[in-house]
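Lettered A, B, C and D in written order, each chain numbered from 1.
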Amino acid sequence: MTADDRPLVILQPAPQRPERIFRPAVRAELDRLFRVVDLSDDQDPASFDRALPEAFAVIGQPDLPTERLAEATALRAICNVEGNFFGNVDYPTAFARGIHVLGCGPAYAQAVAEHALGLALDVARGISREDRAFRSGTERYVADGNADAVLLRGARVGLIGYGNLGRALRPLLEAFAVDLQVHDPWLPDRALAEVGLVAAPLPELLRRSQFVFVLATVTSDSEHLLGADQLAALPDGTRLILVSRAAVVDYDALWSELDAGRILAGVDVWPEEPVPADDPYRRLEGLVFSGHRAGGIPQAFERIGEMVVDDLRQIAAGLPPVRMQVAARELVGRYRNRPVG
Amino acid sequence: MTADDRPLVILQPAPQRPERIFRPAVRAELDRLFRVVDLSDDQDPASFDRALPEAFAVIGQPDLPTERLAEATALRAICNVEGNFFGNVDYPTAFARGIHVLGCGPAYAQAVAEHALGLALDVARGISREDRAFRSGTERYVADGNADAVLLRGARVGLIGYGNLGRALRPLLEAFAVDLQVHDPWLPDRALAEVGLVAAPLPELLRRSQFVFVLATVTSDSEHLLGADQLAALPDGTRLILVSRAAVVDYDALWSELDAGRILAGVDVWPEEPVPADDPYRRLEGLVFSGHRAGGIPQAFERIGEMVVDDLRQIAAGLPPVRMQVAARELVGRYRNRPVG
Amino acid sequence: MTADDRPLVILQPAPQRPERIFRPAVRAELDRLFRVVDLSDDQDPASFDRALPEAFAVIGQPDLPTERLAEATALRAICNVEGNFFGNVDYPTAFARGIHVLGCGPAYAQAVAEHALGLALDVARGISREDRAFRSGTERYVADGNADAVLLRGARVGLIGYGNLGRALRPLLEAFAVDLQVHDPWLPDRALAEVGLVAAPLPELLRRSQFVFVLATVTSDSEHLLGADQLAALPDGTRLILVSRAAVVDYDALWSELDAGRILAGVDVWPEEPVPADDPYRRLEGLVFSGHRAGGIPQAFERIGEMVVDDLRQIAAGLPPVRMQVAARELVGRYRNRPVG
Amino acid sequence: MTADDRPLVILQPAPQRPERIFRPAVRAELDRLFRVVDLSDDQDPASFDRALPEAFAVIGQPDLPTERLAEATALRAICNVEGNFFGNVDYPTAFARGIHVLGCGPAYAQAVAEHALGLALDVARGISREDRAFRSGTERYVADGNADAVLLRGARVGLIGYGNLGRALRPLLEAFAVDLQVHDPWLPDRALAEVGLVAAPLPELLRRSQFVFVLATVTSDSEHLLGADQLAALPDGTRLILVSRAAVVDYDALWSELDAGRILAGVDVWPEEPVPADDPYRRLEGLVFSGHRAGGIPQAFERIGEMVVDDLRQIAAGLPPVRMQVAARELVGRYRNRPVG
């Protein structure tokens, strides 16, 4: 009888479901390479604690405070599959121990970028507005419904935030030969110039952009980054696309601008989700509504599973992870995201 | 007293309006370079006939039968600003005389390509569907509304027709790293290969595509190119985007497929426009409705004026036109397009 | 016994060789679709004249004066396979008759563009210079030989002429994120802007460019377009790449600048070919010499044959040619190119 | 009197020179943000040890064994400006302490990629070979010297190694629409697929490639990765471009293949540098010689200084470094590079 020397992996992905992130073939890879202790349906802390001392990796976002990490002497990787880093892990200890703290944010980037572009083209051309009109028998033909329709090609476009989302969106926008500016306080101007981008201070970006994509994550610094003054600075007719986090924008100010018809918007994230049933803004015309749907599509979930398996195999082979996002010690404590409901 | 030796240009753009195609600066250029006989509001044939003998160019699509061309001894260019070539010109004589017969089709290509991509992203992600749900208080959040949402990135995409529209759409699609096939019976396979495209027979293209863009113009050969059999060949869940001409598709067959929920579609052109008020299909769910709006936006119209002025200046300088589409003698008689109402 | 109703094609490609332009498979296509009268080795005018009345197309550049065209009553296409249009054809008659006058210039464009970029990278980095040093045992290592080495990335680049060559070179340069200007007096500024290019007057382009590519053809207007004054305007250290026609540049002035070490150059075309054996400039250091080799490579020749067969099939099917270059009536008489020896 | 609270930075870049990596403006930035102890010309260990306890960062590659790190209680970053990581640092302690270990490899990537492409185009077209012929009066014109000239466009290309160099080279190659395969044992196939690349096992890549770029670094695993068998597997006429590290290739085997004229090569790195004066291979015809010049150009050096200043400012602001390469704990001990002389 030989011992099974495959590294042990604890799988506790809640609120993710394992069958959603692992296609059968990818799950088979995981099971072939690792001894998987599957706690997807077992939230009992005792089960987790029993497996922890031998665990090579944890897939999921369970609490990992100092005491638990002390037990996890074999731990090499923590693979968050939810998309945000929360305060339930003793990150300093993990970093000091050389445990890889990995996130799955990049898995959603392409889905969000495509959705954001879809919203932008919708508000540029009135696609959902005219579809509604058609359904009520009031559609307009040819140029009659196009008075405010604009091209994206050649437009002045501003990106607020240039992380995973911005990097995924950029090539889609460049196909339209847009005149692009980027604002990201976490990146030196020369880092953007190095990759061919123009950095701009936020006020300048807002003042000149015909399309603005809000792609920033929430930190203590970025709450209401777009308040009434900033929104008022946008040119008339600007299309604002909001797909990252609601806290970045002052929604009362946004509703005022939309209600006045001064700007148009596509909005995927909301201060309160679900939006109250009786919210009077549900009938605003200059807005395309989307229910936090930009990232969470089946292909994005499946990509998480592939990233996890690829990186666990890398680490088990003595190589660095290359697919998941490596948590930065400087940033992991700054995020103010709440779990997605 | 000196004679005005600027070439004479007759401007009779109806149904286009001159102020829509010529921005003031461009109109000023036209007026500076040419003696413009503006018949925008004068449809009296006598006015036209009076100016014709001295005309260097005609901007518009008036009748130019053999007899009229015989009078137009100075004519060097006919600049169609409507988008389609009709049978009201003696094309053989124009070609034999070396008169440039020019169309403004390319002016619309970018607008149509952007609209087509907007429709594709809408049906890929359910953007207008979920916007409607939001307005009726039945929206779904996060993954709940995304069961059938798909990425465009990496998708198998087929283009039917590869003219102005296809060339404008291609770079937008390539930003998504799609797996592209093209069917265009007017182009040799090697002409497509030369520019890096894969030519495919129509049946193969239909059988494998997850997104199909119908970009073909109507000729005697292309009517109902997509009939019941062709539509039945599409894989389940295919997104069909129809932005060129309605006659290319059998709409009864299309409604059947949509009604069955087997495919999804974004449709901008209709067999009858306006669509009858009581058309029962107005409430189909798997369809994004658009009222022949893909091309006719203000920036497209203004581009026509720029193209006309640029090419007339080229011709007056003894250079070939480079911006408008040169009518092919082989094709000018084949189109079966009707004027846009 | 049935008549052979394949259209008749006269093949007299001299100085081209048929086996060089037609790969066996492509020649087989030609022979299957057409009755080919192969006069590749028969320059007897009588042979040509015998075939002419029935000829659907001529492949080659034989004399076609007015009288001969009068005999060629079935002629639909003249396919020049040499690269330049000469004065030995009655072009006005051909155009009036609707005979397609086609050139093979585009077949060479990719080869020239790649060679031009190779020359540019050579003079940017001293590749052939240091290879020579290595062979003489005087090579330098690491930074020692790199004092004047520059990146192409981000450089200010000027293109003089934007026809086939410019269009082929552009994407290669754009991969380096260059800051591009274009000067082409045959194109309206807006035509360049339309495709995302910046038009510049020649003096401005010369004054600011770190790399200049001379891609212009020769006409009565472009002889010595780059004379002593223009070359003197180039910034110190400019890399000049000359791959189109020698007559565009004043070589005495060019040698002076090179001899002074003020600029560097890659030169593929020469006022006299072969260059005299005792030309003292053969040992200039700041120059990469190339013997009119940029275009004439096997793959370019084979592309000519493919273009010819594709377009003849198009025309025979009642479709316009799409691969060869359609001669512009305005330009065909302007070229001043001499046959390549 | 107020204390200077700018963080202290030790600058000891040898063998780099500070004036080569810091343009005056960038040096001024460094001096404004930090108290710089400039030991560029002071290799006395005592000087270094005196500054170390207060040092926020070290710019250079001095020895940092365990004992020294123990003294460096304020140390937050080690910025290597030489290009390779050596064994003179106690990396485990640095990682455990959360000290950023940063390398400047990316600074060279664009320069190497451009040089590699220049070598590839040279061997594709015989640019330096024909330049030499010209200088000796034996040049050939037009097609005569082009019998073996090939296009890069559409060629089958293999990249061995896909790190900084591969990522910089890729867009340059894609502009040629090459058919690309990548072999990198440190990357999962899906990581390459994710960014649109095709992973291939080394034997397959070698067997099918018309151009091979060797971009791999040296580790214990990659020595003589390309031995006699691998080189023999290359198709006749393959162009091999070697710009990373000599140890990856068996040069005796390479010379045999080149001497036989079976393949062509551009070589920038050598088993012994300088190459012995009497090396008989110095006159090989199918080879372009380059003296380890691909990376070390002025613009690359200046980029190092910018990266250092940008990342030190990031770290001082509590943000992660974003421009230099973060050393991977798994790889930092694997490299077998020797210092560049």
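Throughout what follows, a contact is a pair of C-beta atoms (placed from the backbone, for glycine too) under 8 Å apart; a residue touches a chain by one contact, two chains touch by 3 or more.
Because the structure is a prediction, the values reported are computed rather than measured.
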Which chains sit in contact with both members of the pair subunit A and subunit C?
B, D
Going only through chains that touch each other, how many steps at minimum separate subunit B from subunit D?
2
Between subunit A and subunit D, what is the separation of their C-alpha centroids in Å?
33
How far is the middle of subunit C from the middle of subunit D, if each middle is the mean of its Cα atoms, in Å?
37
For subunit A, give me the residues that contact two or more of the other chains.
none
Throw together a list of every chain pair that touches.
A-B, A-D, B-C, C-D
In their shared complex, subunit D is touched by residues of subunit A numbered 92, 95-98, 186-188, 190-191, 194, 303, 306, 310, 313-315, 318-320, 322-323, 328-331
In the complex, the residues of subunit C that touch subunit D are 110-111, 114-115, 117-119, 121-122, 124-128, 130-135, 137, 139-147, 149-153, 171-172, 174-176, 273-275, 277, 282-283, 288-293, 296-299, 301, 340-341
